[in-house]
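The letters A, B, C and D name the chains in turn, as written, and every chain counts its residues from 1.
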Amino acid sequence: MELEGVEIEDTFAEAFPIKVARVLITAVNEKWAMIAAKEMTGFGTSVIMCPAEAGIDKIASPEETPDGRPGVYVMMCTFGYKALDEQLLARIGQCVFTCPTTAVFNAMPESEKEFNTGFKLKFFGDGFESEEELNGREVVRVPIMGGEFVMEKNMGAKAGVAGGNIFILAKDQMAALAAAEDAVAAILEVESTITPFTGGVVASGSKPSSNAYKFMHASINEKYCPTLKDKIEDSELPADVNGVFEIVINGVSEDVVKDGMKAGIKAAVKVPGVVKITAGNFGGNLGKYHLKLKDVLGL
Amino acid sequence: MELEGVEIEDTFAEAFPIKVARVLITAVNEKWAMIAAKEMTGFGTSVIMCPAEAGIDKIASPEETPDGRPGVYVMMCTFGYKALDEQLLARIGQCVFTCPTTAVFNAMPESEKEFNTGFKLKFFGDGFESEEELNGREVVRVPIMGGEFVMEKNMGAKAGVAGGNIFILAKDQMAALAAAEDAVAAILEVESTITPFTGGVVASGSKPSSNAYKFMHASINEKYCPTLKDKIEDSELPADVNGVFEIVINGVSEDVVKDGMKAGIKAAVKVPGVVKITAGNFGGNLGKYHLKLKDVLGL
Amino acid sequence: MELEGVEIEDTFAEAFPIKVARVLITAVNEKWAMIAAKEMTGFGTSVIMCPAEAGIDKIASPEETPDGRPGVYVMMCTFGYKALDEQLLARIGQCVFTCPTTAVFNAMPESEKEFNTGFKLKFFGDGFESEEELNGREVVRVPIMGGEFVMEKNMGAKAGVAGGNIFILAKDQMAALAAAEDAVAAILEVESTITPFTGGVVASGSKPSSNAYKFMHASINEKYCPTLKDKIEDSELPADVNGVFEIVINGVSEDVVKDGMKAGIKAAVKVPGVVKITAGNFGGNLGKYHLKLKDVLGL
Amino acid sequence: MELEGVEIEDTFAEAFPIKVARVLITAVNEKWAMIAAKEMTGFGTSVIMCPAEAGIDKIASPEETPDGRPGVYVMMCTFGYKALDEQLLARIGQCVFTCPTTAVFNAMPESEKEFNTGFKLKFFGDGFESEEELNGREVVRVPIMGGEFVMEKNMGAKAGVAGGNIFILAKDQMAALAAAEDAVAAILEVESTITPFTGGVVASGSKPSSNAYKFMHASINEKYCPTLKDKIEDSELPADVNGVFEIVINGVSEDVVKDGMKAGIKAAVKVPGVVKITAGNFGGNLGKYHLKLKDVLGL
């Protein structure tokens, strides 16, 4: 298969069920909404050793926010609801409640589960807090040094999909990186998806377990490491590929994750030097969702 | 006391001992070094509910980095060394090792304690990793999709100081915020200090415990809340103050934290609308360090 | 009149006819499209002493660009078509043609006037250039060091409107500035408008001619200068106003300029410290268009 | 010759005399100083069709500015002093005087020539302006809507050097671009130099005159165009080079231009995919300065 002259491998991304919360942060300007969003979703690349997988979903225009201010949607994912409840409280409480001019709203209206994060945070007001309705939403209002913090009482969550992915193979590292950056920017526009890794890009895509070390649960995916091309016999890299980056995509549903993969691939193939697009799977036995590139791109 | 026409209260910031690691992240450009640094130090405002207090120390020019590339110094703080060891491994492993083009070096040469974080991460290389000396440093080199990840084997840490702070009081919220932003930018230039809160600024400065709710360990500092000025009897806010932000500063020593406070105050008083600078303390009984504004500014 | 608690003066902005070209710049990523756009529209605040009034219209998503890459729409205004022709050639030739990865397309399809800027630039190719059709557009393709420069042959222009404006009055300078920044960001979303001044904001709004100096064609609008409030008898500033910024808006039609004013005002009144919104006019005798705030806001 | 494994051609950059002014813009924060600097230096890549060559020299810390605020140094170049005088007045008057919170100071103390730009701009104050001394500098103070505009009366200029340059040759366009970006960032740190082209990078480096068209004074440098490699007989590009960018450097002296070239090359060779560094000249007959790469790098 081919898209704009770039080879598309006929394979699939293997993805997994996860629990997802979606939150809207507004602020006096987009800059501060984004600062809050990044602090809240930091240290959130992979649940392997991070307490959550988290990232920026997309930017919210003032027209679509309950308080008419600029905003940023963020998503947070954990394997279970209990961890999600804890992470929402800790991350909103420590990173957004403390941040100048922010307000927080639920951005997952059709949720399976609700957490009363806003209700809990209001007690920080020491009796000076209040509750009210704001454009049909129940919010708490807490006086703080910076003015007042406004937050919707309940945050919604539901089952979603984690681990959608694409691999970008290019002639060298910088072409692969430029393509990965463009792909991440394109996925940022796809509603209800995030690219949780650092800057949206994975440089060290892995395989489960390790051949050399029994104590490792994961290790490098050597078949896609350019510097090992000539040192192993089963490299998956074409001769002219010297740079590979992966983009991992989580979303609220299988469909949006596929939309994200599509947007990412379409952006990546535009970049000079990109040779091939593929995706990562574990043979299909580990993950419930098999997201075929053929279907994703309608090829 | 007064500085450039702004009142300086004769008080002190009360600060605490903490353990600090300092790490240098380099990358192909400053943009990616900063992206890695922000992901690694995210969800890191306060150890009350974050696993660490972390932030950007300062930008490193290519001339001062071991690999001659642009870089960013970050610092990470926890109350004990065990937590610091765990956080270094998790945050570097998940947020920097995975990030395009990064390398990691120890930036705390005169340390009390060393963690073999780089040594541990090398096993991810599944036998393809190697060790070498790079400009006098022992580093590991792990092949990854994006090329190779280079990291110094040992990361140093030592006892430092947390909770240095300044309060910026201004005529309104936006003047206080503009001043806080300038103060954070100025402190970014002070070596070996960080401003761990979101965007460097605290909007919801707190007091220990709560008057209204027994179950709360902390609650709003109502004396500094502009919207409560007329509702309480002991407000500390002058009549013309309607915006207050706090900046918290951690550092590797009492001296650098004081340098940070000085730089922040000098920047803040330049901003139109700033009325008064003060600092937060708990009467002096909780924290080991009393950082007097008088001394900090040499007034 | 009032909007969200902020006084809206019942007055009008006085605006003028101008000629406008609208151009789409695409690039390998939004960053480089924006860099090109800013260089091309720099030194372009006011035709009083700049060769053109120019600015960023809005960001283009890859879906809407002829080459499927990220882009930025820019607009350029002069009083006559001859100057516009010259400025298009000089600014695109020197600032975009020379810029990495860019392509240029006409973004004013229903134009009154066309300039063959792309046709002229192709001769730089020294015989190695070519022409082709790209998604229904006639383009030239010039080989350059960075690859190839692609540009549509003809750029369109039409009669537009210059000098739409709003004045933001706030308690202090920083509140006025924060509001002005938010207003500019909101107007950026309004298609076919620009805010040509530096950062979109005018700090030194003027009146025609000068009372003190015969040789000056323009001078300060002292009635809106906060530091002169107590020195003149006819200040227009309320007692609590200490910061004023103006935003000037040009557009392809009277309607879009009014849309821009509306978006700007709606964003500005959200910012704490904003006291009043008004607009600038010269009594109605100089400009053809009288854009009433009442109409703009539907009050 | 070789640097970090990258071939350095034994050639020289041919550079020319030019007149240079150097100006310091300060503002309430670095963001607004930079916005003003970019507007003022926009449409300023090459005097071929721009009214000046202009760019950001470097960022100024609050410690080094006369008013203790953040700042940005800019430089502006024209072939003669008359044009420089006019451009200083037009660009500062239209792009900085109008910009929120800015002040302007002379940053060329040892000048050959002085222009009374500040003195001229003060008359905009319509009699409300004043003069004073600020830290040993004679400044004018003009009341404006945004507060007050402060500017030093005289701006200094001297003879400098234009057209220093390096060519970066890489395996593909994105590697060359990443290297060019890093080079520009490195040159930004070199005092008293600018990279006047868009984003600091030239994508369409040229030769004087044209073989195909008599009416063209300049045309593409086909020997360095990757897409023409196989179509011409005298291509200068190695077989593995598919991306080339040039960086042009102007400075206040031959020495600083050489420092800029050195900093740029040192940064560029660090980027994966860069194959060769060379420089542009016209055989040595046109330009007074021959800046040899051998000398520049001390090889």
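FYI, a residue touches a chain if its C-beta (ideal position, glycine included) is under 8 Å from a C-beta of that chain, and two chains touch if they have at least 3 such contacts.
Just so it is clear, the model here is predicted, and its values are computed rather than measured.
In summary, the chains found to touch both chain B and chain D are A, C. Interface chain A/chain B: over half of the residue numbers present appear on both copies, so the contact uses mostly the same residues. When you average the Cα atoms of each chain and compare centres, the chain farthest from chain B turns out to be C.
Contact tally for C-D versus B-C: the pair with more C-beta pairs in contact is C-D.
Chain centres here are Cα means. That of chain A falls 35 Å from that of chain C.
With centres taken as mean Cα positions, chain D sits 25 Å from chain C.
Rounded to a whole number, the gap between the C-alpha centres of chain B and chain C is 39 angstrom.
For chain C, residues touching at least two other chains, in rising order: 28, 147, 173-174, 177-178, 243, 271-272.
In terms of which chains touch, the assembly is arranged so that all chains touch all other chains. On the chain B side of its complex with chain A, the touching residues are 28, 32, 35-36, 38-46, 48-51, 89-91, 93-102, 123-128, 142-149, 167, 173-174, 176-177, 180, 197-199, 201-206, 210-213, 215-216, 218-222, 224-228, 231, 243-246. Residue ranges of chain D in contact with chain A, taken from their complex: 170-175, 177-179, 242-243, 271-273.
Across the complex, chain B meets chain D through its residues 28-30, 61-62, 67-70, 147, 178, 181-182, 185-186, 189, 266-267, 270-272.
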